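There's a structure below that I have some questions on.
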Amino acid sequence: QSKFQCEPGETFIMNVMVSAHPYWVPVYQGFKQAAAAMGCQTVFSGTPDYDITKQIASFEQDLVKSPSGVLLHPMQSDPFIEPIDRAIDSGVSVVTFAADSPNSKRTAYITSDNLAEAKFAAEEIVKQVGDSAEYAVLENPGQSNHDLRVTALIAYFEKNYPNMKLVGRQATNQDSNAAYRATASILQANPNLAAMWIPEAGSAEGAVAAVLEAKAKVLIMHADVTPTTLEHIKAGNIHMSLNPNQGVQGFMGFIATFLATRPDLFDPFNDYKVSGYNPMQIPFIDNGFAVITKENADSFDLNAYMQGRDPS
Amino acid sequence: MSTVDRDDPILKITKLTKSFGPIKALRGVDFELRRGEIHALAGENGAGKSTLMNIVDGILKPDSGEIRLDGVPINITSPAMAQKLGIGFVHQEIALCPDITVAENIFMGVTNTSRSPLMDYRALERRAGEILHRLGDINPAALVGTLPISQQQLVEIAKALTLDCRVLILDEPTAALTERESRVLFDIMRKLAAQGISIIYISHRMVEIFENCHRVTVLRDGQYITTMNVAETTPGDVVRAMVGRVIDSLYPPKLTAEEQSDEIILDVRGLTERSRFSDVSFSLRRGEILGLAGLIGAGRSEIVKGLCRLEGEVSGEVTLHGRRLRLRHYADSIAAGIVYLSEDRKGDGLFLDMSIASNVSALKLEQVARGGGIIDERAEADQAETLGARLNLKYGHVGQQVSSLSGGNQQKVAIAKMLSVNPKVIFLDEPTRGVDVGAKAEIHRILRDLARTGVGIVVISSELPELIGVCDRVLVVREGRLAGEVTGEAMTEDRIMYLASVGNERRLAS
Amino acid sequence: MDRTGSGAAGTIRRLLRMRETGLILIILVLFIAMSFASPYFLTWNNMRAMAMAFAVEGIVVVGMTILLISGGIDLSVGSVTALAMVIAGLLFLNGVDPWIASAMAIAACTAIGAGMGFFVTRVGLHHFIVSLAVMVIARGLCLLGTGGRPIGLYTLPPEFKFIGQGSIGVIPVVIVIFVVVVLVFDFLLRRTTMFRKVFYTGSNEKAAAYSGIRTKKVVFLTTTLCSGLCGVAGIIYMARFGSAQPTFGIGMELNVIAAAVIGGASLSGGTGTILGAILGTILLSVVSSSLALLDVSVYWQDIIRGSILLSAVTIDHYINKRRG
Amino acid sequence: MDRTGSGAAGTIRRLLRMRETGLILIILVLFIAMSFASPYFLTWNNMRAMAMAFAVEGIVVVGMTILLISGGIDLSVGSVTALAMVIAGLLFLNGVDPWIASAMAIAACTAIGAGMGFFVTRVGLHHFIVSLAVMVIARGLCLLGTGGRPIGLYTLPPEFKFIGQGSIGVIPVVIVIFVVVVLVFDFLLRRTTMFRKVFYTGSNEKAAAYSGIRTKKVVFLTTTLCSGLCGVAGIIYMARFGSAQPTFGIGMELNVIAAAVIGGASLSGGTGTILGAILGTILLSVVSSSLALLDVSVYWQDIIRGSILLSAVTIDHYINKRRG
């Protein structure tokens, strides 16, 4: 039997916050597929709430069940240092995904590279509207990956295309009605607005509605995807969307977690073994992102993808 | 009084019982109301009068017993149903909507059953004005919440009069009214009775019963005692039936000439509040009970509340035992020993959802606390029990919510609260509102005893006989000013009414 | 100055006596300030966009105001609105005619309101806790129905989308619906005997019951009505956005209650007007839109928004105190 | 059976008369059911994790309960808690001693509470609207101070982190603090003259004023106290997480108010106990934790959670009604 196989009954847990969010669905599918290939059991866990205390409680409860490893999306980095370290000390391997806790003892971190996304978006915008145009962003202060997507794009423009002018920057917190309101106002104040960059899909839905209503010609790019924005992409109302490769995130995330449970498989060319570290350390794995356009949009219908699959 | 049809009771109640947990409020009560009669219901506080009427109105469900209306057994389940059956009810505790105008309040029941889908505010206000005109001067467009309690009581009465009812229940409607308003009410009652409407009238005032009612039924401790024809009985008999013993003298003896002292306890000079009252000056001598008389809205309550710094921005001097007081808040007054018993026990007198004990202790918690402000629950209970016994309070245990007491007993809790602090001066605004004869005499005796020990007592009452019976001296208030003073022989109802209403002919004539 | 004037002077005097005058003045000042601050503010397009931003929520505000007047409160408005979208969306995807699907969704929301009304009036629980539980349950149903994923409804027929996206002349249909709802309920609430009972019940439930009003029925109906109007709002949102979002309206309840309270509704029942509540909605919405129009830094927006809210209610309070 | 027993029987009878008995029974039933449903439930680690999940919020619940009893309400608890973390965190990063920084942060929160108290008692606005504005403003301050990013504070000295992460014996310090706060305020509220005035004020503000109680002062102080306790909670969270999070506590207010209300506090003031409120917190928290432990599908969790909440208050209501 291969060493890349689980013991009977060996279980891995994926723990997230706001657990009903559809983002996790394909991630967990990837996680499950890798687990199935390696004969492992999986559990989807976490808290439905946007509440750090509850997520920590659920993580600690996961530990009570003594799983082999946990693939964790920590809502905030520092509060998880102590729980993660305690888990590792008790022999449970922990890998983070989509959000990190860099100062903890987690062995690996897998995510899509928000800086790469922002850079791609910036270059695409310049390609479409030229390098001296007005643009606006919507944001969600406090959510780190969204923050990064926005700030990185602004910084990239400032550095490389100084003639790009930021004329609107509004917090809409994934609320489509708030995004509608903000976009409508930005459009009023800036008739020459050429492009918008939106770090998530919920706000994009509201922004599109406002742009369509105002009959403005604004290039909209956003990250993530929902069925509605997908349809807008197909209809040409949204130029394109950058979607993290969620499946890869889950699949590779599982493998990284699995590997972390079997440090003996590996004799690294470094000091880790002698200095007591887990040699299966991977500081950063990029799961990549997909560019969704009119042409390939059909492959990103989550409802179609989930047809006949078990979400749990 | 001969129009009463003797053999055809419109309402017949047999063997009605009702308990609240361990308290048996009614134990097999019988009652019979004839067509066109005014039937008084008498009994001590807590005898079960309101409970009985609440059952007739469908507010409470009886445990057992039968109610027949027009000879037909009937199960009244809600006030709405009672109203449909033609039963109107003026409640002991005023129940009006404070955010709504007087006119709408009066016609609430009518609006409810109205077939017209639209409101006609103008017509409402006009019709409300017509009814109110007879009762007193109230603006139909005013919000009820802004009216003093006495005027609210008038609104409550006006409300019942607009109902097209066959049985009208009045539960102590005159408790906060002066005689003038009461008389208007009695006139209306008699007219209604002449039209064949049957009226149940609850009151602790024997005079009212004997001047206006045909028969009287007495309850005691939730039991039916007797029904008598008013013409064939005397107030003494009724009282004996109520309390089971004779109450000989209703009012305690007044100060004798030699007891009178020149020592001034409280001296008030030039008390003024912008629009409500001005230049009120009087002094209170040791041992005497001072009365304040006046028409409704004359400003008696306001003067006294202002003096205690409960309301308004008041100027003027207050001297207690020769020491000038600097009062800024009511708390200062309490600290100085001056307390005020509110006329509106439900609105600002009591914490209805709290226990008897914590109500009684509220004025000065330190009294039942050990060092450092820790409440001694035993001491708090003792305090309530002692004062409760002194006032003849009828209750289960001192942890009971005040809202579960009968109206008169709630009033006693309010009085107990005032007495708890051993005050130097007490202002009592309608102190015996809703209190039965026995307890009333007891309260009067307590007031007199307190006065003799040097406590200053000032009584505001709308019941002139009470003022005359209890007080050594009465000040008459008219439109926010002192209109005169009566003492000794001159203390008659006519004299007081004259002083209260001179220059106010228009209102008196209406 | 004391004589009762007729005509224009009388109208002005009556206006000044209205509770809403303070709010109207505050909004006017805001409008004037904004039209100096931004040349785009007083444009037709901006006005239209601002109105679109509060019109649908305004329908929920109407329901909430009536419920508040009757002495109730409803925390579930956000999730019930979302649930309406989800139910109608799922039915439509399963082949049901969108109009029928919408009617069924509104009926379902109304039934939820009736359920809350049951727990409040029959069981005797408090509106707060019942609607909190329903808020959680309805959100759960949204998630269960959709797996947490928004439902794309691009295939909705154009005549259905028209109610959310179309215009009659230059006026968007959404705004027409909003105005009609507001006018109808304002009239009902001020003028009909049926809705006056809502005030009586909220002002003093006991007094109302003693006058023969079936107060439980009144509360039951206002609770049901509020949820029903959430259903209507959900359908309009669905037509407008062309999608059903299971996470829609999180936190909406506070906004909606705030609008009603700013407009003079009391949390203890008995007072409130539709006009006032709508002015409250407009105030909140115009402040948000203005901050966006002026491109105020996101880190300052909340601070400014909260401060304006606090100042506005303070000023309004003093205007009313002076007047009354 | 009617004789008044002494000893054990008397204690039981007294227990049965308490308002909290219903809740205790419900929680017991839940515990028993859960220990059959999951072998992990009754483990020390699980109990510890569950207690840690509600301990700090429990301190806020204490403040809210007292405020509710006095007739107030506070929607700003979540953002004020976050603000305490942010203020203390920023001060610490700028070289202030962590204890002094914490004291200053708590003082700042207390001052915010005093500000709300001012608007409520002096200006005369409603708690709801004032605290809503403050909720928005405080959140804005958090964002402004941090740029929306959490502040990492692992350099906090270990003796400071001890209050959030340490244990005394096997008992986490957080839980010790929580228990002490609960016991102290339970005693104060039940037994002291000072806090009795809170009940009087909430029960009937006018009657309290007519009893010589400075009701405005009372309301001012309860409002201030609640915010101050949020400050304390924020500091403990900071020590526990080793970071200050500007987005912490969003939506916390509903949870906290729900806990107090489940525990018998009335939204119209005058009633409530600390014990009851804490039981309410425990109930809500144990339900959430149990659903997580049982791996219930997320799409079902909200539905079950809401239903349990509704059933629990219904059962509690009937138990209390029966008892009289």
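Chains: A, B, C and D, in written order; residue numbering restarts at 1 for each.
By our rule, a residue touches a chain if its C-beta (ideal position, glycine included) is under 8 Å from a C-beta of that chain, and two chains touch if they have at least 3 such contacts.
Remember, predicted model here, so these are calculated numbers, not experimental data.
Simply put, of A-D and B-D, more C-beta pairs touch at A-D. Centre-to-centre separation of subunit C and subunit D, using mean CA positions: 30 Å.
Mean C-alpha positions place subunit B and subunit D at a centre distance of 44 Å.
If you average the Cα atoms of subunit A and of subunit C, the two centres end up 35 Å apart.
Multi-chain contact residues, meaning those touching two or more other chains, occur in subunit C at positions 143, 147-148, 266, 298-299, 301.
In subunit B, no residue touches two or more other chains.
Chain contacts: subunit A has residues 20, 48, 141, 311 touching two or more partner chains.
Touching chain pairs in this entry, ordered by label, are A-C, A-D, B-C, B-D, C-D. Residue ranges of subunit D in contact with subunit A, taken from their complex: 40, 43, 45-46, 48-50, 52-54, 56-57, 143, 147-150, 152-154, 165, 237, 240-243, 245-248, 250-252, 288-289, 292-293, 295, 297-299, 301-302. Subunit D contributes residues 191-194, 196-197, 199-200, 203-204, 206-214, 270-271, 324 to its touches with subunit B in the complex. Subunit A makes touch with subunit C in their complex at residues 20-22, 25, 48, 139, 141, 167-171, 174-178, 180-182, 184-189, 202, 205-206, 209-210, 212-214, 226-228, 230-231, 234-235, 302-303, 306, 311.
Per the touch definition, subunit C reaches subunit D in the complex via residues 75, 119, 123-126, 128-130, 132-141, 143-144, 147-148, 251, 254, 257-258, 261-262, 266-268, 298-307, 309-310, 313-314, 317, 321. Interface residues of subunit B, counted against subunit D in their complex, comprise 21, 310, 329-331, 333-335, 340, 342, 347-354, 358, 362-366, 369, 373-375, 377, 417.
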